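In what follows, chain A forms one complex with chain B and a second complex with chain C.
What follows is the complex of A and B.
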């Protein structure tokens, strides 16, 4: 199938300078890669829904293209005491219906996620930390947390502010129909056609500078080929999540422009680190081993050294990634500059395996998704081959995300691929490596049930720190500890790619969001 | 006749019941949708509340029993992902699918039957050979590939037609239809043609084969001997007899057009039921998947029923309700 596709594309690209048809100069049509299930910003906590909501609504705190927190509807925020965050609101901001945005709307919007009936994936993990909300005056809100909690501003980047007046009695359907979809954002609701498109019009009164587009259409083009074709045919002006095989061809076609940026998503291996018998590690004859070798630090070091990250990013990822020894990308809390990608060292890997008592290696099955990350299946296969060279007999099993995550969470795998995007190292570690404790929402993606009291302490200290510098210090130490322990094996940060017709520019974002307000005519 | 209809109805109910069990268990076995939907940082209380709200905390048989009880009242459940009734989602999308399917059927009939007649009449002529060669192509080329080729040629290269999506719609008899405007037709043409291609080939083959068979029959020879005009022979004697097998096949094929427009819909970003099905399967949205398949089964059963009735009208030898083999 893919060979055929490539042939078709090659033939077409060879002579395709018949680019975009003329559209109104201030119209923009963008091809989204995933379905938006609702325009209620508190209905489903999933990237496509959040991205769509960001056109109509604003949050208190915004994220700039580099992943830094910048003022949104809140002009400033600070911890007035360890358990109280104070947010000063922007004055004179108007909702699309002309009413003014005030502290009452903030309290309403923070209360609402817990009240949305039928929500399949609620936003409450971002509001759960807030024990009390206090309106100081119309432009000041204080939020109390039961314990000191540093990442609150980060959590609030995902909670959008809706109008208390418009949404007080509103159901999710009212948002989808536009009646309640009244925000302060750069665009106003025009129409929502489920599974098809979202139409928006410019909010001329936007506080953050008028967007360049009078009318915006977000088309939901979930099929890769259809999305690419729509751009080639000029039906859309830009697309996100460009299929990897097409990137090189778009690059060489003068009718189109590419924007690429290192994404916040780090790809790494999660290992079974808790059980003494793990289901997918055996000796080479298929018999169980007396102990789980993955629990031995030397084995984890060996596996990490056996992976040639440079080859992986250059060949398998076709240059669309950078190798890493970190959990979060540079410039983000918890990134440690001193942690370089583990150098490829096959001899060293074999020596460590021998020291650990596995001179002949063992047999290991690698698991991964096949429809989640860029080239995910090929990455699993490549790493399997690299481990084979170090003497590990490998098998590969990949599956669609729909069964992968559930099985991984149930601890069915021994060595599993995961990608994680985060704007803070301490928050990432809380999900990935903190001792699983459902009662406080820790370790939700700690598939290997890794548990290290020292790491937990550092993560808790970082999360509980409201002073930015001290928090960064704790987070950095936590990441350093996790990496020294090889509690997970990082591979690379992937790139996000957008393609648009010539004459357009996009401020590419680390969080991979596609937002019409960040497109500009060139 | 009444007995016959009743029997068909009972059969249909049995099919629906078996189908619902299979799909229900199948999607259940695939995985837990809450894993995909709930933020992993959500506390156990949140998680449990979601699971309970979707009814997934119960054993499978209880979930199924609840589903059946609600289904008997006409409620096939709410979509896990959208929170709206699954049937509403499906019926929202149905006009788009029906529209493209009917257009495809019309294209198939209007091109396949005449071409098949020509091929059947003059199998040795160059036109007959060309038509049959064409039908082989239509059979063997995969739909998605042809769809992409169409897009590349007509949308990208020539720029005549849009690459996908649905044009502006207007409300006709409570349904959003795009066939009322020129822009709507421009969007409809490629997907309909793509969907029709396989059916055109099928119709060509069937029509040609039955034409050839009919031409050898005594009544045709007699008609010729009588000196009837060839147009009348074709128009009345051949066509009418050739229609009998066509109607059966067409009925079934229309069902499959609707049910399996999936591929065309995703290639052309056509917002129909098929695309909904694909999106729902990836998110394990069981109520929508189950409701979709039940609707499709119902569609097949009713089409079959109508076909049987038509069959009786076209061929008086068929007696409904009589002894059957």
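What follows is the complex of A and C.
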């Protein structure tokens, strides 16, 4: 009874909120879909934290809505020799406290990620490649890498520049309290209420043009229904990650404007490819099998063929995704046009399973998160349903992200759902399928511990290539090899969506970032 | 002391008790409704059009169909619509009802047994043991039941057996306190003093003499708590910590449909919600009637 009562109260409360609060024309309130755990831009490498930081701080290199690298605090960058990148800094940029941004701040900001304590997801994978930092003059920095390293400018899009003066001894707590949250970005820190909201005020001296909003509030609305309700009630002007069931309604309502774009995120299955005994594959009676069937290419092909990606995209994702046979989205390094989504072929899947020695299938538990990707829990169930038709006895286990990633990393699963957003195929493969090696930061998300010397070689060649065409060639070959091996089973690229009240405009971004400075009145 | 003790012997006694119960028409309807629901839950595997827990019988192409739609392939008509996985809502609700009732009754029985033993022992022992046990119970009652169950399930993982364990852990203290209260009153009565003077062993006094006289009061508490246990299970499933997603109980069905409420696909949440409401209302009305009957002082109130 108490559950229902609570639902009734919630409904009454939601109705009471419909009276929109009066706001000034130059105020903007945006509903974030995921929790921001800190305003320290070097604390946790996760999209919500990085997107929140991008309001207060700038990076040397910025990413435009289509995923192209554009000048940020660096006006230009080039490899002066194979192991040295030179960055020319923008002149006359002022921090929020009035001090000038110089090369010293760059060196300080690149040193800091390694000094942050207790980071649940460090940024050091982006700074580890830098062996030496050299201040040529106040507006020129040279970064040396031990070996040729092409993606350094891409890596530096995620490292934000903080003020050496304000953050010299600062802890993460000092950033959260605002004392050290002094950046060069379009907005200044006002208040950070953990789990609730971030308040910002316009930086009138911003180098990139004055934002349209005097005051900005980022409200953290992690509950899907609550986020939709807040927009309908007029409590927020725009929301990100629109819940799929609500999209049709917003589309048909002239009071709102919907923006969507294929995001950089690919959703796929990671499989245990290293162990001969894997914990969640058994025969149908629950007894262990003599060998791990997932190590057989024919079995992986069969599983991939048994998945009806078109139905998955149209029904479970309600059209908000595009089926894929690639690791990265079209238009970026490492996308191979020739790799089409695996066609749905149930008979072929059964034939391959029989050839591999499993004419009656086997039992498999599918693991997935239930609060990370769009419709993640539903997707896991749908794929389980599809594999069942091919003769696999499936079980489904989903859990919150907090326990999911840790267990997946520890190799506790056999068949696990993962989403990965990347602006380059070679860097994606470095994290997802390169032979795991913590010393060099490779294979951090290679949950199945796949290891292929040929693939490692191609990834290393691509990453070490500073010539764009040759790098794309190596990256493409690496992706083709991984896909021919079915080292992971790609499903689709999800859409990123935003919906805002009429009279607002936002350019949809491939990296899913929601940035107040890019909202404009129409 | 109760209506059961006062009535005639044998079968006539049962009929008289039922007749007395049925004097309240609302309670009679509630009992009938409850028995019908229990029967439907028991017969679910035979009367449900589909086995909603068998993934091979689901078709994603039939997802979110409104009530009365026909399946894209096959003969099935989805009388109450389908959920996001193409699961027949009617079948899912029947199976969900089965889980809710099983979990509710198993948890209540377990908590009752544990509470009974602890409460009686506490009352009989008295002194510092009594004080200690009751402070433990107080401590437990100071936490909301949902919190205790959530923490336990987070540690144990999902599954019907684990939900039952969590519910027992969350609810035993109610029974322990109720039993102790009744037993303390009974303990001072002459018949207990008499059997004590006869020199009977404490376990015999406990189970043969004290227990039967505490039962009527407990039956009322237990009936009320069945409703509470079912609601708690639904809440836990709603929060996503109860049962596997492929075996939805009523709470999980409501949770799955929750996000579609604003977009007009009402049937995924509303039908299981109504069923849960009916079930708990029926159980509470039955419990309320039993309370009145067993405590004659309340008769006619």
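The definition used in the following text is that the second predicted complex is superposed on the first by the 494 of 522 C-alpha atoms of A that agree within 3 Å, B and C clash if a C-alpha of one lies under 4 Å from a C-alpha of the other, contacts with A are read in each partner's own complex, and residues count from 1 in each chain.
One rule holds for everything that comes next: a contact is a pair of C-beta atoms (placed from the backbone, for glycine too) under 8 Å apart; a residue touches a chain by one contact, two chains touch by 3 or more.
No experiment lies behind these values; they were computed from the predicted model shown.
Shared-chain residue A:444: touches chain B; no touch with chain C. Contact with neither chain B nor chain C is seen for A:179 once the two complexes are overlaid on the shared chain. Of the two partner chains placed by superposition, only chain B is touched by A:193; chain C is not. Within the superposed three-chain model, A:122 lies in touch with chain B and out of touch with chain C [touch as defined at top]. By the document's definition of touching, of the two partners only chain B reaches A:401; chain C does not. Applying the stated contact rule after C-alpha superposition, one finds that A:311 touches chain C and leaves chain B untouched. With both structures placed on the common chain, the touch criterion links A:234 to chain B but leaves chain C unconnected.
In the superposition on chain A, no contact is made by A:165 with either chain B or chain C.
When both complexes are overlaid on chain A, the residue A:225 reaches chain B and chain C alike. Of the two partners, chain B and chain C, it is B that touches more residues of chain A. Residues 4, 225, 229, 232, 400 of chain A contact both chain B in one complex and chain C in the other. Chain A contributes residues 4-5, 8, 11-12, 15-16, 18, 21, 35, 37-38, 43-46, 117-125, 128, 172-173, 193-197, 219-223, 225-227, 229-230, 232-235, 371, 400-403, 405-407, 409, 430-431, 438-441, 444-445 to its touches with chain B in the complex. Residue ranges of chain C in contact with chain A, taken from their complex: 55-56, 58-61, 63, 84-86, 158, 227, 231, 234-235, 238, 240, 244-246, 251, 254, 258-265, 273, 276-277, 280-281, 284.
Those residues of chain B lying in contact with chain A across their complex are 30-44, 46-47, 50, 53-54, 78, 80-84, 89, 92-93, 144-145, 148-149, 151-152, 155-159, 162-166, 266-269, 271, 275-276, 278-279, 281-284. Those residues of chain A that touch chain C in the complex are listed here as 1-4, 7, 224-225, 228-229, 232, 243, 245-246, 248-249, 308, 311-312, 315-316, 370, 377-378, 380-382, 384-386, 388-389, 394-398, 400.
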